[in-house]
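Naming follows writing order (A, B and C), and every chain is counted from residue 1.
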Amino acid sequence: MNIFRTILQGMLKKPADAANAGQSDMAYEPENVPGVKPTLVHTLYEFQDCMDLTHRAYPEIGVDVLYFGHLVDNHQLAQDVLNPILHIRADEVHMLLRQTQFWPAADSKELIEGILSGQVAIFNGADTYLVNVSGPKERQVSTSESETVITGPHDAFNEQAGACLSLIRKRVKSSHLKVIKLSVGEVTKTDVYILYIQDIANMLYVREAIRRITNIEIDAVHDSNMLIQYIDDNPMSIFPQFLTSERPDAIASKLAAGRVVGIVDGSPSVFSAPTSFFEFFSSSDDYYQRWMLGTATRLLRFLAFGITITFTALYVSVTTYHYEMIPENLLLTIAESRSKVPFPPVYEALLMETTIELLREAGARLPTKIGQTIGIVGGIVIGQAAVQAGLTSNILIIAVASSAIASFVIPSYVMSASIRLIRFGLILLAGLWGNFGLAIALAAIVIHMSGLTSLGSSYLTPVAPFKLEDWRDIFIRAPFGLLVKRPTQAAPPNKVKNKMRR
Amino acid sequence: MKTEEKLSPFHSVILIHMIQTGVALFSLPRVLAVQFGTNGWLAVFLFGAIVAIHIWLMSYVYRHSGGRSIFDILEQSIPKFVLSPVYIGLICVWAMLCCLVSKEYILIFKMVAFPTTNPMIFELVVNLLTLWLLGMGVYNIAKAATVFFWFVIWMVFLLTFFYGEFRWARLTPFVFQGGELKMKELYSIYAAFFGYELVLLLFPYANPQTKLMRAAMAGNGLTVAVYLYTCLIAFGFFSLQQLKEMLFPVLDLLAYIKLPFIERIENLLYGFFLFTILITAVMYVWSAKEVSRRMFPRIKGGVLGFIILTLAYLVSYIPDVLSEVLDWLQIFSVIEFWIAFGLPALVGLVLLVQRRRGQPSNG
Amino acid sequence: MGNRFAVCLSLLTMAALSGCGDQRILEKVGFTQTTSYDLLPDGRLKIAVAIPKADPEAELSRQLLTTTALSSKEARINLSRQTNLILVSGQMRNTLYGLSLAKSGLWNHIDTLMRDPSISPQVKVTVVNGDAESLLKKNYEQHPRTGKYIDRLLEKEAQEQAVPKVTLYEFARNYFDDGVDPVAPIVKDDGDSVIVDGIALFRDDKYAGRIEPGDSIIFALLERDFKKGEISIELAGEEGKKEIVMFSSLISSRKVEVGHGDAGTRTVNINVDVKGSILEYIGRLKLSDDANRHELERKISEHLSSRGNQLVGMMQEKGTDSLGIGMYVRNSMSYAAWKKLNWREEFPDVQVKCNIHVKIKDYGKFR
């Protein structure tokens, strides 16, 4: 095992090393010179060959302005920097630069990072100033593609961390909402914000999350779903150990429940921790509907989980080993539809499951309009034709299709994908050992999950450790009057969330 | 962050219950019918009571152990070379029980659905799962036990299916008539309750909030309730003589259930009993591992577990048909019976001596 | 470390073992739906199995295989030689026993069936008045294929209490119980259909007699509590006229009382309360009149009680305690006394009295 791991690590490491080596030959390492007073020459040297850098010189007043045109807000730039500079004489420069928007930069590294993050650098003799006029292009706040709801707010996070923060701040108007900024990635220097509500979140989790993020040593992080794989408890597990969501209302509710929330700049999904397995089955919809509907929907999702995990596997197991289990009325139907199929049920099932996965993947990659065509071609044409050609039985098509549909009922796409993958394991084992294989597979899943933790708290939380009061908000959605306490998994110092009795 | 968590009361209850429940349940109504005759299901009370008294006695040991492991207590007063044979004996018995329990389960499954498959393959897979679970430590085993518990306990509701054919008249008003008591078989009935004695090894993993002994009582109570209910249904559903002839009456009970969308669910539900078997097996091998760590403190726990399981697996090649496995189980349950009574008695005795001498209890 | 190791090993074993021998893939399997057993005069068994066919292209909807052999398992080997399918019995629904075999005892066969873990305890036990194989062989054109037809027929009749539901479980249970004898429904060939022909009474496992189809509902009243069922009664009216009552939607509950006389005589009272509605009545009484209705109730009660007594008398004559009276006698005695008693010999001498009490719930929507 270890040998395998070292080889793998070696393979991963090499290209990165090579890239680093190449870079250091060419570039002047700014990291090596902390505390150096910034100069125009040095800065220009740093940005050598960056043709997107704008350099404006005003020789008559001795001012040089450096900025990236595409990172700044042009209107603000003109108002705050360029107009004042154009309308003054050389002796007025000092007065001007004492205005508060000009912020003296003492360190060269700071200056360069400032320019890179959309600030304007102003050089005047030996003094250097930064003005924050950053206004990068950002996507409009729009609805979420992957987590739609019918009732409830429709806005979703976009890729800009600032926008995400503003969406959250708008929902949680409390000075207790604390934001900690961290940076991840040697090359990309991605901003990661950790949010929590003071006195509700357990500081143990906050510190643990911060510790794990600061321990990341990697060149680049592009998405929060990627980041959480660097900080989760069991990187080998098939299950996501942190919940990610694009919905500000969902994230605000996680914050209020005492969980820690993380935003990665450049990613529209925001993660929350600690997470339990069952949390992936609730959607914010449940709270916006009447409680009975919310409860029914939740139970439906757990049923869907059962169906998606076992349906096809059960078909395989029953048709391969346990023909006794089929009721008499179904027996002939199934046997008849199987009678033309040339291969054993396992292969048949794997074939159809793979086809469905192909259709899903193709549909996801293509534009919506063509995606629909794929659905029709795949679903109707292939399904129908495969049955008629005798490649598969129509009962299996029903089993496969219903378990695929059931898997999409699970609100979290990441979790639903994990579960769909597990299904293949179950089918294989069912084909190999029938119901015994199924039992083995279920046992293995449970054993694996019992070992999982999320930020050190049990992944199976309200079930094991057993917290009956949490069941009201996990397996069902009890009326709000009964949801008195915050979830125990987050171990909040302040447990009661609802003081109203009715 | 919380790896050193202690067992919670609920988990301890479930853990004890899950160790106790096993394949013995499948033949229990028959053994009771043969041994006790009419209304043999009442004997579950007797055995449950004996277990309860035993747990009550063990709670003496627990109270005076001060949360130390029993091995610490023993080693404080008894030299190690005297203890070594005891330890080796314990390891052997517990490791063998682990493998025999799973092998019995597998052989029954083989009889029902896989008549020609080599059972040792199944045994290997079950042992691998056991090993995997073993590596996670007792806290995670308890967590897994809780999840497995929910997978299994709902089956009790299936017994409502038999209310239609259940007749009180079939139970007869006679109590314990027409049975032939055999000492040997009594052990095997008692074996259906085994597992509670492992609570002795859980001392260091519990804290006062666990209320370990009360949890063991409750776990045993749950087991007794489940057994009692199942046996009562079996005695009222089958006639006495018929019950005596059936090898695995509970399997026949399950086979009788017919749902509109699925029939013969014993094929599926018997698979679910794997979960209880896994917990029983893993806790026995865990106990063996705990003891062997005393013998070989230098070797890592995981390696020890692996060695024990491998050896036990190899030994379990020898009994290869169901009746042989049952014979072996018989022998081992007699030994286990005396361990269950002897070990706490020994520890209690040592504790008594230590208290007399006024030795500090935090040795 | 431990878990990755475990996963690796299990993957290895899986790869090594794919394709092991206990597969019973649905389309390669011939599931016997019904098996018939007959005893030939030379002591050999004639066994036939009906296998429904799943092949949509086949002309016939079932295969019927026949063989003669000394034992049923030997027969299975012979049958297996005749077909391309793997013969399995896990989907068996019904077993038919010819009268010849029923007379010589069924237990050996039932024992074989109970022993096989693939056979459900819910397989029906049915006696055929005549030759079981020829009944199974015959195709009844107006009806579903014969095996299924008989199975469904019995199921429906059992729901309406016209025959008791007898499966392997019930047969074995009553066979083993010392206070009750097993029964089984009888069917026979009736030209274009199969017809239920009463209830077979067994003494231990041997056929000992038969209850006429008309009396089987009386048997049901005396034997168990039930809901749903109907009975048609002919009452002797005035001036030799017959009165006909159709009594349906029955809800019946029975109680058995055992009394012990001084001289060791035993009396058994079977008290049955039946409620039902009258949907057909041809006679002189006015149903809407309370007094008249009560009179009718009384007449029906008397009539049913006397038929019940006759039925019990018949069973006592044959020496079959199919009602399970022994169970109640047993429960009223001490264990030692019961063990001393030879119930089989005692049963014919017990005084059994049936008190069937009828109550009319309603009489339709017409006065």
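Following the convention adopted for this analysis, a residue touches a chain if its C-beta (ideal position, glycine included) is under 8 Å from a C-beta of that chain, and two chains touch if they have at least 3 such contacts.
A quick note: this is a predicted structure, and the numbers were derived from the prediction, not measured.
The chain pair sharing the most C-beta contacts is A-B. In terms of Cα centroid distance from the overall Cα mean, chain B ranks first.
Mean C-alpha positions place chain A and chain B at a centre distance of 44 Å. Averaged C-alpha coordinates give centres for chain B and chain C that are 41 Å from one another.
Note on chain placement: the centre of chain A and the centre of chain C lie 64 Å apart, centres being C-alpha means. Shared interface positions of chain B, defined as residues touching 2 or more other chains, are 113-114, 117, 125, 129, 132, 136, 263-264.
Within chain C, residues 1, 3, 5, 17, 20, 22, 90, 118, 120 each touch two or more of the remaining chains.
The set of chain A residues touching two or more other chains comprises 321, 324, 326, 451. Listing the residues of chain C that touch chain B in their complex gives 1-3, 5-7, 9-10, 13, 17, 20-22, 90, 117-118, 120-122, 169-170, 172-178, 324, 327-328, 330-331, 334-335, 339. On the chain B side of its complex with chain C, the touching residues are 38, 111-117, 121, 124-125, 128-129, 131-132, 134-136, 165, 169-170, 172-174, 177-178, 238-242, 245, 251-252, 255-256, 258, 263-264, 302, 306.
Within the complex formed with chain B, the chain A residues making contact are 204, 208, 321-322, 324-327, 330, 433-436, 438-440, 442-444, 446-447, 449-451, 453, 455-458, 460, 463-466. Residues of chain A that touch chain C in their complex: 1, 236, 319-321, 323-324, 326, 328, 331-332, 334-336, 338-339, 341, 344-345, 428-429, 432, 448, 451. On the side of chain B, the complex with chain A involves touching residues 1-3, 8, 10-11, 14, 109, 113-114, 117, 122, 125-126, 129, 132-133, 136, 140-144, 146-148, 150-151, 260-265, 267-268, 270-272, 274-275, 278.
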